[in-house]
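First subunit A sits with subunit B, and in the next complex the same chain sits with subunit C.
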Partner chain A sequence: MKILLLTTVIVATSYIGYSQQDDGLNITGNIESIFQYLNEDPLIDATQPDSKALINSYMNVFVTYKNFKAGMRMESYLPRIQGYPNRFDGTGLGMRYVGYTNDWVDVTIGSIYEQFGSGMALRTYEDRSLGYDNFLDGARIILRPYKGVTIKGVYGKQRLSFEEGKIVHADGIVRGIDGEVNLNSVIPNFEKSKFKVTLGGSFVSKYQKDNRQDLILPENVGVYGGRIDLRYKRFNLGGEYVVKGQDPSSDNAYIYNYGHAALINFGYSQKGLGIILSAKSVDNMSYRSDRDKDLQDVFINYLPAMNKTHTYNLVATLYPYATQPVGEIAYQAEVLYTIKRKTPLGGKYGMTLNGNFSIAYRPNQNTNGINPNDSSRVTYTSGPFDMSDSLYWRDINFSIYKKFSKKFNLKVSYFNIVLNNDVAKVTGNAHGLIKSNIGVIAAGYKINKKHSVRVELQGLFIEDDDYGNINDNGNWATAVIEYSISPGWFISIIDQYNYGNSNVNNRTHYLYGTFGYIKDATRITLGYGRQRAGLFCVGGVCRFVPASNGLTLSFTQSF
Partner chain B sequence: MKKIFLILSIAAILFTSCDKVDNAYPQGGNTTLEWSLYPNGDSTTYANNGLWPVFTANTNTNRNILIEDFTGHRCTFCPPAATEAKNIEQTNPGRVFSTAIHTGPDGIGDFQAVVPPTYTHDFTCPEGLEIGIYFGNDWPGTIFTGNPKGTISRIDDGNGQVTSSPGNWSNATTTALTANDLKVNIQAASNYFPSTEGYFLHTEIDVLDATLTNDLSIVVYVCEDSIIKPQKMPDGSTNSNYIHHNVMRTCIDGYAFGQTLDDAHKDSNGKYHYNYSYKLPVVYNPQNMHVLIFVRDAVTEEIYQVIEQHIQ
Partner chain C sequence: MKKIILLFTILTLAIGVNAQEEKKQKQLPSVQLKDMEGNVVNTAELGLEGPIVISFWATWCSPCKRELNTIHELYPDWQDATGVTLVAVSVDDQKTMNAVSMYVNGKSWEYIILMDPNGDFKRAMGVNNVPHTFLIDKEGNIVYSHNNFALGDEDHLYEEILKLAE
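== the complex of A and B ==
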């Protein structure tokens, strides 16, 4: 496989000189390298690794030539930077594939990234910022036998880890098939209708040997479901429902319940107004190709996050919410409204209002008539959207953005967040619900054609715990200043200050400075300072990043 | 279009053919064990508390040897035989295990009989007597016509006999140990709960030699050590403080010749799992008790492997 891939890349590379003559050849890719030199900092529990310096490096190369395609990613962890899985080490091929595609067939052998529907049955993807990569190593075929009809089949083993420069696979095998039909394309006279209908169905199965002597484990575990997507003019309504067979695992304490998940999305959009309403019901839907793994290892499916991914420092990193695959019932509403220009409120440039609300509860687990200790190991029943009153998460936030002039803009945001730390644990210093209010003011000012400055002021105010004590680490404030000199230079300084910590000695400043240069597709960034320990989350998937103090140098290049 | 839906339907059937398990516990596990002997709950709690072992790869490469010493407390020549068995065992720690089975060729004979006022203790048990009668009466051309006799892993002496006199035990043991022909591997783990006198034994049997075609059985002897009771000595005297070692008291499941290894107890890796629950009679001190777990050939009677597991 490696030889085939390398040959493909070498051959393709040798054609670079001829690429202008042969339009069929296309080579793209990117390079990323992150270097850290870390110091001891006992105040924030930051440690210096034995090697003192750490480095992660990646290079993606994607080649297409006529109907052929190939891709690879070299990875290097010498050793891995902080926060990445500590088993990542060495240099080698972390991803590779070859394939062939034409109008009706697309075949890929090697590392496969794929998603069925919303991903609740199967989604393999890479998120480098999370150190997450669960691709399937195997084969995929996509058929397009008729216009509007797509059939996909995948078969492979998931990437679990990267050790000694080699991919390490999960124990189980994943098989899946997905079909999708766009009825407007298939049914005559329906093509020009403004009512658009797409139907889909997914079937995924994993196989893992029974590895326990005290239990009879199901070795083949299936997930199956259907979905529908309706669109009419400015409205869209989509839904998906999946069911999982018995899948005892370390996530669910090896119970033999079936799992199920439902997802409903409604959207409306017109110029100046966007509305999104979403609902999700999940019970026992952790689905991994190794039943004994945990954290973020080898998830076959992805349960879409029902909460907004925030970007402001204090909001995003102190109390983020990780999706609960074992069970949650969640709702989200988002409204984006732009007040027109040349109105009393809109002014010369208009004004944008954004409101977002998300909430998640524990599913209701009905145990009537069930003996949780009998030999079936079915411990409860739970229906879709059957929720208890146990709150996991609530986020009420809104923001107002207004451009006052060509030079000055302002964004004011408020966030009210409640997180159940007993379930979605983010800190060891609190129990139960953590309630916080966060305010952010962000202002941008363009000094002249080349110079601009941006300032953020953030405050996080945490409510006392049930006993009247300062909860967790108390209040925080953050100040950010960014100065840009176009086209390429930028510098920023951020200071997070834990001024409300109940322990006076821990009222720490986390000061971090960044200096960078961008030229075309090249970006070099140099950062130095303290970084707080915490969870880093993207789309409800999180990784823990330990505290650090030191220098970070990053280089990215696209081609 | 019909073809597509046909393909999808077939694929759906193939891929959704997921396993359904109505009883989560293996045979010989939850369904047959006496869970009232587990004081903290039932089988689920037992498993959830991590008491059910997960065996790792069995790295043992040695064949162990079992000496069955057919004896009796009124048998004057038996104490030297017991000493010989003990000496062989002590010379090969962890490789040789001995047990004293109080039986004659006809079961209870003069040597095993309870004769008051001195020999009041009954060392016999039904399973031990069944074994004695089998090798003493039923075995063709048997040489077990009186005590003491014994077996060395019931290995055929070349003349169709598996029993022998104590004078042969040492050489036979050495020969078997030297050959070290490991055909079956055994692992075991156990838990004892004093409040209920409940003992749970979990075993894993790995048949290494694929040429073994006869039925194999797993047998578990429950043995008591260091019983101080009268014993008739070679000089005709009675030693009232004689220490009786490794006396076979019963078989854990009541089967003198064990349970046949069958597919119902076979896991996906081809290993057999037999689990037992046993209530230790109150007369026994658990610290003096152990079990001998062995696998025998149901035709030749040869014992391919034996291990020892202490109850507490």
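== the complex of A and C ==
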């Protein structure tokens, strides 16, 4: 019997080998493994785990054959590296699906990644660097009955966790339908018009049993909304508005208010100039498939933060801002302008100017005529873009980039960031507004055809708090040097120095060195030293990393 | 014993079949993405002649921008010599997606831009992190990829493109 089975496998394997030659059997995927050996470092609050060593490993395999598709991800935490949800453990299948696709229908059963519109009603996605994966385990159908028309339907339970090598699902069931029409494709004679119109609409509903004795909880909670996207030559204007039904949850302290989210984006661009303006209004829009969960668990929707994603170490990692799902009104403007080459300022290669402004406020919550203790449990009223004067966040930044010669380029940047640490808490050492000014000089020099070097100098200067004391951890300075030999090697050293800490004993150097080897789609890096938590970019790739002291070895491979 | 001989025979045949075949390379997976004008594009049917470079990037990824800005200056020459087309796939999600057209036009890039806000194409291509650059031949086979950017890598990529243009 065993031999028969083996024979079948061999024949099947050789058949697959054959089919790869003739027609579309296609296998893609990737591997990632991160190993850490960590030391105790009380000075920076880095601890040594009991096992001393930690390892995360992943392998994705995606197969398509004619109209069929299948995919899976094996994942392994023995135990998980620092910064990952501490319940992740074991080895097993973390994601898997099968499906069928042709020109007008696409069906998937299993783990589903999907986004409706801008994601404010529904978005399931994986971000491995954050340990985030909220896929829907269930079924999805996508129909394209007519050119320019897309209809999607999803049904499933979200991935909440990965324990003892198994997927753990959220309590509630999520159902959703979304439609989108490109009017230029549908209406005759409109196809060639420079005026382009796309309309869309979504409805999402979650079901979770009432688990409270003292409240009558809505078991089915819906979110619905519409969106529009207009383009005319160099202009574009897009907007989406969604409304949520009564959704008492641990996020909103079990109130019975409705929620809303609105997003408006405007853009103008031509050769050498780009401008964007954005506005957002969010109130009571946390939407999870388990009403009792918190932190980053089982969000059904995604509320994009309205600020620039910074990459310089001190700007990105010390005072970052994320959306407040409970409510915020936010605005953003950004301009990018390239001064033409062969002009006095532009020089031989042109010069790029970039300016960005973003701001977020708490929404106005009107309590006039509302008794917060009555049985309706509606505790305030609020409308779209009805904002208070309570500041959450403000970011003003400029940068100038100029390439002086084939070998040398320079970028100078300034950032002014104000963060309300009482609301968007990033540190335990500060109260109220944290005001910081950051300057960065980054220079690149190409030594010869294969060798190049980059240097960054960064300084963060914090303003005193309202009582005249040094706020948070005071001033910082950072130096980065990166030496690359194309295409295979790099070495980099970063030192972050907290020279302005009010506690002299905490004026620490965070020194970290990385050595890397890249061959085609294989990448091996070895790092050693102290790391702060945050978005960390080195040798060409950016990722989120937690605070630690020790050795990190990482291997990635795509195939 | 007979069974074992049978097994060996089949095994040998199977290996023979596998060894004889000309190894076909990985093809571009089919994913529906939008371009900057909002038109839907199937990644497996880009309809381009000549070699294609697919570069995964994001507005928040400095090395990605360094790569595409470096190639930008060489791109007219590359196109004339090899007929190559560069497709820059932005993995910016909704947070920064709006900044893509601003950056692309502000820098006067002439690449084909596709938007992959939920990472569908990134996942299908097996991309771990950006920048990740692929080279595709005229038959649609993925012949080369590189998961990094350092100055000088553009020359290495061009050498690979030249091999295809021969």
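List of remarks:
As a working rule, the second predicted complex is superposed on the first by the 525 of 559 C-alpha atoms of A that agree within 3 Å, B and C clash if a C-alpha of one lies under 4 Å from a C-alpha of the other, contacts with A are read in each partner's own complex, and residues count from 1 in each chain.
Simple rule for what comes next: a contact is a pair of C-beta atoms (placed from the backbone, for glycine too) under 8 Å apart; a residue touches a chain by one contact, two chains touch by 3 or more.
All values reported here derive from a predicted model rather than from experimental measurement.
When both complexes are superposed on subunit A, subunit B and subunit C end up sitting side by side without clashing.
In the superposed model, more residues of subunit A are touched by C than by the other of subunit B and subunit C. Judged by the touch definition given at the top, the superposed model places A:395 against neither subunit B nor subunit C. Of the two partner chains placed by the overlay, neither subunit B nor subunit C lies in contact with A:133.
In the superposition on chain A, A:451 makes contact with subunit C only, while subunit B stays out of contact range. Residue contacts after overlaying the shared chain place A:171 against neither subunit B nor subunit C.
When the two complexes are laid over each other on chain A, the CA centres of subunit B and subunit C sit 140 degrees apart as seen from the CA centre of subunit A, to the nearest 10. After overlaying the two complexes on the shared chain, residue contacts for A:251 are found with neither subunit B nor subunit C. Applying the stated contact rule after C-alpha superposition, one finds that A:283 touches neither subunit B nor subunit C.
When the two complexes are overlaid on their common chain A, residue A:179 makes contact with subunit B while staying clear of subunit C. When the shared chain is aligned, subunit C comes close enough to touch A:487, but subunit B does not. Superposition on chain A places subunit B within reach of subunit C only down to 20 Å, the least C-alpha distance between them. Subunit A uses no single residue to touch subunit B in one structure and subunit C in the other. If you check the complex, the residues on subunit B that touch subunit A are 1, 3-4, 7-8, 11-12, 15-26, 29-31, 41-45, 47-48, 52-55, 202, 204, 267-269, 273.
Contact residues on subunit A toward subunit C in their complex (touch as defined above): 3, 6-7, 10-11, 13-14, 17-18, 20-21, 24, 26-30, 32, 60, 62, 64, 101, 113-115, 118-119, 123, 125-126, 129, 148, 150, 182, 196, 198, 229, 231, 236, 265, 267, 269-276, 278, 302, 304-306, 308-311, 334-338, 349, 352, 354, 444, 446, 449-452, 484-487, 490, 516, 518, 520-523, 537, 539-543, 556-559. Residue ranges of subunit C in contact with subunit A, taken from their complex: 3-4, 6-7, 10-11, 13-15, 17-18, 21-22, 24, 26-27, 29-30, 37-40, 59-63, 66, 73, 93-96, 98-99, 101-108, 117-120, 123-132, 144-153, 155-156.
Residues 145-146, 149, 151, 153, 175-177, 179, 186, 201, 203-205, 209-222, 224, 245-246, 248, 253, 256, 372-377 of subunit A touch subunit B in their complex.
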